[in-house]
C-alpha cells in the first residue's frame, strides 16, 4: 500500500519537476510546481512527518505557490515577453550528461551507506514532538530564520518599491 | 549569565540597529548622513565590545542551556567579528561622500547592511551547520539586494540578477551537503560530527565525504574561487562602490571563518581525502584569476579578478592545512587581514574619487597622471597596489610570505613556486596602475589634499599597511607585523576541542 | 516496506532536474522554480534521514528549510517583478551590459 | 656607534618622509637632500675609520622584528659591504649636485628612497630583510624611469621591473625553503645568514636552491641571456637613475652572489660554475660586439657595463685570490668610471637634448674640458693603465689563466672588447666637426667639474696605488676564500 | 742615484700633468706659448742630463749589477706581488739616453713646428706624457710595469696621432693605431699571464723570471715567446699588425719623428732584447721572429717604392728598418739589433724632421711629386736630410752602414741565406726609394720656384743639425762589436767569419746600395713621374697588397654585421621573442578566458554545475581508490 502511494507521489513529483523545466508557458511551470509541492507534502506524510506535511501544505502550497502564480498572473506575461528559446534535445542530452556524475556520486554514496528506517517512536512527527525538539535544541536557527525572513522582507520591499528611472 | 549577555551584546546591538534603521527609514526627513552616523554608532559600539571580549574570552558556548552548543564564542569568532565590523565601519565612513553624491541610498540600505553583518557574525559564531547555512543565506540575500541598489544602472541590476541566481544555486549545494552529513551522523552539531569522525572508519562515511564536498562547493563559490568564480568580475563591476568594497572586505572573510572552523577542527580527519581537489581548485583559482586580471580593461574588474587570485593564495594555505601545516591557519588569518586592509584602501580610493567627480568611470585611463593631480592619494594607492602585489615592506608581502611558508612546510614546494609565479604575474597588473598614475602628465590641475574622514581613513589604511609590513614590537599597543601574527595564532589556539 | 533509498533516489532525481533546468532555461520563472525544486528535494532528503535516524532533528531542519524557501521566494519574486518592470521580459539574459566586449568599447 | 649603520639606513627615509609631509619648496628640498647625503657620506667615512680590516663582520646590530619566524632586523658590514656602502655614499651627493637644477620634486624623494634601499641591501644580514630592501629599491627606479625617462619609458620601466622581479621571486622561494629547513633541522626559526650557512642539504636540493638565488642575481647583473632589460632600461633612464643602475645596482647582483651565494652554497655553486663562466665569457664578447652598432650613447655604455659585469662575475666564479680581488676591484673602479661617464652623458644630454651619436661630434674643439673628462672616463672604462680598471682587469685575467687557459684567453679579450666601440664612440662624439646640436656646446661649469673631479682622482689613485684599496679588503677576502675552499673540499 | 732614476720617470708625468691642467684651466688662452714651451722643454732637458749622469754611473759598474729604484708596492695579492721598481742596466741606459736625448731635440723642433697651433699646450702635455710612458716602459723592472708603459705609450700615440681631431680621418687613423696596438697587447698580456701562472710563487721581476724559466717546459716557453712577439708586432709594426703605421702619419710631424721613428716603435725590439734570455731557450721562435722581420722589411720597402706621400715613405722605411732589427734579435744578435735601433733613431728622426721642415715650408704639402728643386731653397734641410739618407742606405761611413751591415752579415754567417737574400734585396730597395725621395724632392724640376715659401726658424733647423752630426758619427761606436759588448746582452754565439768573407760582405752591402741609388737616379733624377698601376704587380704594391681592404672585409665588416645580428636577431628575436611569446601567450590566454565569461547567467550556471560534476567524478575516483 505504502509502495503504491509512494510511486504515485513519485510520479507526480517527477512529472511536476519535468513540467517546471520543460514547459514553455510559465503558468504550466507553476502548475508543475504546485504538483511538486503537493506531492512533496504527501511524501512527508508517507515518512510520518505529520507536522511537516501540514507546514508544507500551509507554507509551501499555501504561500509560495500561490504567490508565484499570483505574480505570473499579475505581470501578465505575454508570449512576446517570454524568452524565445527552443529546447533542443541535444542540449538536454548534454546537460543530462553534465549532471549525471553528480547524481551518480550521490547514489553511489547513498547505496554504499545502506540506510534502513529506524522503528518509529510513538509521537514521531507530531506537533508536540516537533515543538519540543525545536525549542530544546533548535532555538538558535529558529531565531535566525526569523531574522532571515525579516531581512528578506526588507530586501523584497526595497526591490519592489523601486521606481524605474534608469539613466542612460 | 551576565557574562553571556555580555557576549551576545555585539550581535544584539547589530540586530537592534537593523530594526531601528528599518523603522526609521520610513521617516522621510532624516538625512542620509544621519543614517550613516547611526549605523556607524551601532557598529562601533559593537566593535568596542568585541574588542573587550577578545581580550577576555577563551572558549565559551553562549547560553548553553538554551542554544545547546550551537553558539560558540572564542577568540577566532571574535577576531573575525572585529574584522567584519571594522570592514563595515570603514566602508561606511570612507563612502560617506559617496552616499551623499548618489540619490538612491536611504535608510533601508543601512538596515540591510546591518542584517548582512549580522549574518556574517552569526556565521563566525556558529557551531552548527544549519545555523551556518541560514547565516550564509542571511548575509547573501541582503547582499543581493545591496548589489542591485543602484536603480539608475542596468549594470547594477544585472549584477544583482546574476548574483541572486548563482548564489542561490550555490547555496543549494551547501544544504544538500548538510543533509547528507545529517544522514550519516544524525546530527548537525559540529561537535557531534567530530565525535562521529573520531570513532568511525573512512569507508563508513562515504556520504559524509560527499556532503563535505558539496558544502565546500558553496563556500568556494562564495569566496569566488575558480571554477566558481564567474560571477565575481561581473558582480564587482556592477555593484555600487560601497557594496563592492563591503563584499570584498567582509563576505570573503566570513566564509573563511567557517572554512577554518570546519577544516581545522571538525572535518579535519576526513579533510585530507578531498584535499587534492582543494589543491586543484587553488591552482586553477590562481591561474584563472591572474589570467582574468591581466586582461581586464576596467580598474574595478582588475581588482575583482585579482581578488580571485588572493583567494587562490589562501586556498594554498587551506590545502596546506590538510597536510598538517601548523602555520597555515594563522597564515590565512594574516592574509585575510592584509587583504582586508589593502582592499579597503584600494576600493576606498576608488569610491572616494567616484563620489568626488561624477564623470569619472574609474577606468584605467582615468588614473593617468593621478600622481600629479593628487600626490598623497597616489602615494596611498601605490601602497595599496604594492601590498596587493605582495611587494616587500608592505603587509601584503608578509601575508604571501606566510602562505608560501605554510606550503613549503607542507612539502609542496612546487605549489609554493606556482604561487610565487602568479605573484610575479600580478606585479604586472598592479604596477600598470602605478605606472599610469606616475608616468603620465595630469590633464587636471593639482588639487589640495581634502581633509575629510574618508581621506584620513585612507591614509590611515596606507600607514597601517606599511606598519603591518615593517612594524615591530617597538611601539606598544599598535600591532605591527609581529603583533598581528600573535593575534592570529592566539585566536586559533582557542578553537580546539 | 519502502526503503529510504527510494525516497533518496527520487530526491536526487528531482535535484538533478533542477540543475538541468538552471542550465537549460532562460526564463527567470523556471530558474526560480528550479532552485525551489532543488531546495525541496533537499528537504525530502532531510525528512528521509530524520526518519532513518528516528529522531526529530531532521524534521525540524526541514521545517526551517521551508522558511528559507519562503525567504528565497520572496527575494526571487521581487527580483522577477523588478526585472520585468525594467525590461518587460523575464529573460535572464535581457540585460547584458557587463560582458567583456561592452567594457572595451 | 652601534646605531651608525641604522642612521645611514634611515636618514634618507626620514628626510624623504619629513619633506614629503611638510611639502617643502624645491629649494629647501634640494638643500636638505644634499645635506643629508653629505651626512650619510660623513657617517660612512666615520664607519670606515672605525673599521677593522682584519675584523670580519662588524657594526653588527640585531634586534627582533618578526619573532614568530625568527626574522631579525640584523645589519652589519664587512670590508666588501663597506666598499659598496662608501660607493653609494659617495655617489649620492654627486648625483644630487648633478641634478641641482631639477625642478621636479619626485627626483629627490625617489633618490632618497633608492639610497635607503641600496644601503639596506648592502647591510642586511637577514635574508628576509635583504629581500625587503632588494625589492624595495626597484620601486623608485621604476617610477623614475617611467616618469622622468626617455623613449619608450613606460614599456622599459615595466620590462625592468618584470624581469628583475621574476628573479627575486625565485629567490624568495629559496629563502623560505632555507628558513623552513633551518626550523626543521635546528629547531627554531631563523633567516640569519650566519645561521642558514650552517645548514646542509642533499645535492639536488642545494643545486635547486642555489639556482634560484643565481637566477635573481643573474638577471640583476645581467648575465648573457638575462640581459634584454638592460639596454632599454639604461636608454630610458634619467641621468640619476642610469648612474645608480650602472654604478651600484648592477654591482649588487655580484655582491649578492658573493655575500649570499657563496656563503650559503659553496658546493652547489660549483655545479653552476662552468655554466656561469660560459655565460660570462659569452657576455664579455657578446656585449662588446653588440655595443659597436648602437646609436645611443647610453646604450653603448650599457653594453659596456654588461661586459664589465660579466667580467666581474667571471672573477667571482673562478674563486682564486687574484680573480676575487680583481673582481671586487673592478666592481669599485667600474662603478666610479661608469658613474662618471653616465653623469657626463647626462650633462651632454642637458646641453644637446640628444644623445644619438649620429648627431654629435666636434665637442673637443669647443669644449676641451668636457672632452677631457669624457675621454678620461671612457678610457678608464677600457682599462687604460693608470686607472683602476687596468689593475682590476689584469688581476682577473691572471686569475682566469690560473683557472683555465681558454677562460683566460677570452677574459683577456675584454682588453679588445671595450676599445672596439669606445674609440669609435669617442670619435663620433668628441672629435670631427661640430654639427647642428653641438654647435653651441657650452663647456663644463665649475660645479660640474667639481662633481667629476673626485671621480677622476679616485680612478687615478686606484690605478696608481692599487695596494691602498686591495689591502683594505685583502684580509676579508682571503678569509672568505679559505672558508669557501674549505667548504668545497 | 735611486732618486734620480725615479725622477727620470716622474718628471715627465709631472710636467704633463701641469701642462694639461694649465691648458684645461686656461680656457681664455691667457697663457702664452712661452709658458708651455718652458715647462715642456725643461723636463726632457733635465731628464737628458739625469740620464747622462746615470749613464756615467752605469758604465762604470759591472754589467750585471743594474741600478734599482724602489718606489712602492704596486700590487700584492697572493703571489701576485708587483713592485713599482725601476731598473737601470746598460740596455735600459742606452734606451733612456736615446729616448731622452732624441726626445729633447724633437721637443725643441716641435716648439718651432707647433708655434701657431692653438693646441700648443695640449700638444706638449701629450708629448711629455709620452716621454714619461716611454721611460717607464724602458726602466721597468718587471714585465707588468713594462706593460703599463707599453700601454701608455700606445695611448699617447693615440692622442698625438689624433691631435688634429677636427678631421675625422685623423681620428680614424688614431683609432686604428690604438686598436692594432691593443691586438698586440692582447698577445702580450696572455703571454705575461701564462708566464706568471707558470712561475707562480717565484717572483715576477726580470731577474726572477730569468731564474725561473729554467724549470719550464719548452712548449710553454715557445708559447710565451711567440705571444710576447705578437705584442712586439703590434707596437713595432710588423706583419701582420703594421697597418696602423702609415696611417699614423696623420699626426703632426714631430710626433711622427718621436713616436713613429725614434722611440715607440722600437719598443718591440727592446722588449725582445729584454727577454733575450727567454728567446735564447727557444731559437725556433727566434727564427720565426727573424722571418717575420725580414718579410716586413721587404714588404715595407716595396710599398715605400711606390708611395707618393713623403711621410708615408718614411713610415714604410721605418717599418722596413724595424724588420732588420727583428732579424737581428730573432737570430740572437741582440747587440746588433739594439745598435741598429740606436743609429736608426738618429737618422730616422732626422729624416722625419727634415720632411717636416719641407712640409711646413710648403704649406703642408706632402706629395713628393708636387715638390722638386728644393735644394736651392732649403739648403740646410737638404744637406741634413742627405746625410740621413746616406746613413739609412748604409753608405759608409755613416751610422747606418755599421749597424745594418752587422745584421746582414749575421744572417749570412748563421747560414740563414734566405734571410740574407731578403735583407740584401731590401737594402737595394731602401737605397732606391730613399734616393727616389731625395731626387724628386730636392733635384727634379730644376726650374721650379716657390714664391710663398715659409722660412724655417732656428728651433727647427738646429735640432736637424745636431741629429745630422749624430747620424754621421754614431756608427763608429759599433766598430769591432764595441757597442754590442758594451750592452752585454746574451747574444747567441755566431761562427766567426774568415777575413776574406768579412771584407767581402762589408764591400757588398754598399755596392748594392749604390746600385739602388743609380736606379733611382735613372728613373727620377731629372724628370720624375709617379708610378702608374699599369701592371698587376705594381697595382699590388701601390694598393699596399690590399691588406687594408682585407682587414676591413675580415674584421670590421664582420664585427659590424655581427653586432647588428646580435641586436636584431639574438636580442630582439630570440631572447625577447621568447619572452614575448611567454607574456603574449599568457595575455592571449587571458583574453580567451575573458571571452568565455560571456555574461549570461545560464552559461555561468553551466560552468558551476559542470565544475561540480567534474569534482564529483574526481571524488568518485578518490573514493574508489581508497
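A, B, C, D and E label the chains in the order they appear, each numbered from 1.
Keep in mind that, in the parts below, contacts are C-beta pairs under 8 Å (C-beta built on N, C-alpha and C of every residue); 3 or more make two chains touch, one makes a residue touch a chain.
Since the structure is predicted, the reported quantities are computational estimates derived from the model, not experimental observations.
Participant: Name the chain whose C-alpha centroid is farthest from the C-alpha centroid of chain E.
Facilitator: Relative to chain E, the chain with the farthest C-alpha centre is A.
Participant: Taking every chain's C-alpha mean, which one sits closest to the mean of all protein C-alpha atoms?
Facilitator: So the chain sitting closest to the middle is D.
Participant: So how far apart, in whole Å, are chain A and chain E when each is placed at the average of its C-alpha atoms?
Facilitator: Computed from C-alpha means, the inter-chain centre distance equals 102 Å.
Participant: I'd like to verify one number: the distance from the centre of chain C to the centre of chain D, where each centre is the average of its C-alpha atoms, in whole angstrom.
Facilitator: Centre separation, chain C to chain D: 65 Å.
Participant: Distance between chain B and chain D based on Cα centroids, please, to the nearest Å.
Facilitator: Whole-Å distance between the two chain centres: 43.
Participant: How far is the middle of chain A from the middle of chain D, if each middle is the mean of its Cα atoms, in Å?
Facilitator: 71
Participant: Send over the residues of chain A in touch with two or more other chains.
Facilitator: 95, 98-99, 102, 105-106, 108-110, 115, 137-138, 141, 145, 148, 151-152, 155, 157, 159, 162, 164, 166
Participant: Can you list every residue of chain B that touches 2 or more other chains, as numbers and ranges?
Facilitator: 130, 134, 137, 141, 144-145, 148, 154, 161-162, 165, 169, 180, 183, 203, 206, 209-210, 234, 296
Participant: Give the residues of chain C that touch two or more other chains, as numbers and ranges in rising order.
Facilitator: Correct list: 15, 18-19, 22-26, 31, 48-49, 52-53, 55, 57, 61, 64, 68, 71-72, 75, 79, 82, 86, 92-93, 96, 98, 100.
Participant: Can you name every pair of chains that touch?
Facilitator: Between chains, contact exists in these pairs: A-B, A-C, A-E, B-C, B-D, B-E, C-E, D-E.
Participant: Name, in rising order, each residue of chain B that touches chain A in their complex.
Facilitator: It comes out as residues 15, 18, 22, 66-68, 70-71, 108, 111-112, 115-116, 118-119, 122, 126, 128, 130-131, 134-135, 137-138, 141-142, 144-145, 148-149, 151-154, 180, 183-184, 203-204, 206-207, 209-210.
Participant: So in the complex, which bits of chain A are touching chain E?
Facilitator: For chain A paired with chain E, touching residues are 95, 98-102, 104-105, 108-109.
Participant: Along chain E, where are the residues that touch chain D in the complex?
Facilitator: 20, 23-24, 27, 72-78, 80, 122, 144, 147-148, 151-152, 155, 158, 162, 165-168, 171-172, 174-175, 178-179, 182-183, 185-186, 189-190, 193-194, 196-197, 200, 559-560, 562-564, 566-567, 570-571, 575-576, 579, 583
Participant: Help me check something: in the complex, which residues belonging to chain E touch chain B?
Facilitator: 586-587, 589-591, 593-594, 597, 599, 601, 603-605, 607-612, 614-616, 618-619, 622-623, 626
Participant: Which residues, counting only chain B, touch chain C once they are in their complex?
Facilitator: 130, 133-134, 137, 141, 144-145, 148, 154-155, 157-162, 164-165, 168-169, 172, 175-176, 178-180, 182-183, 186-188, 234, 237-238, 296-298, 301
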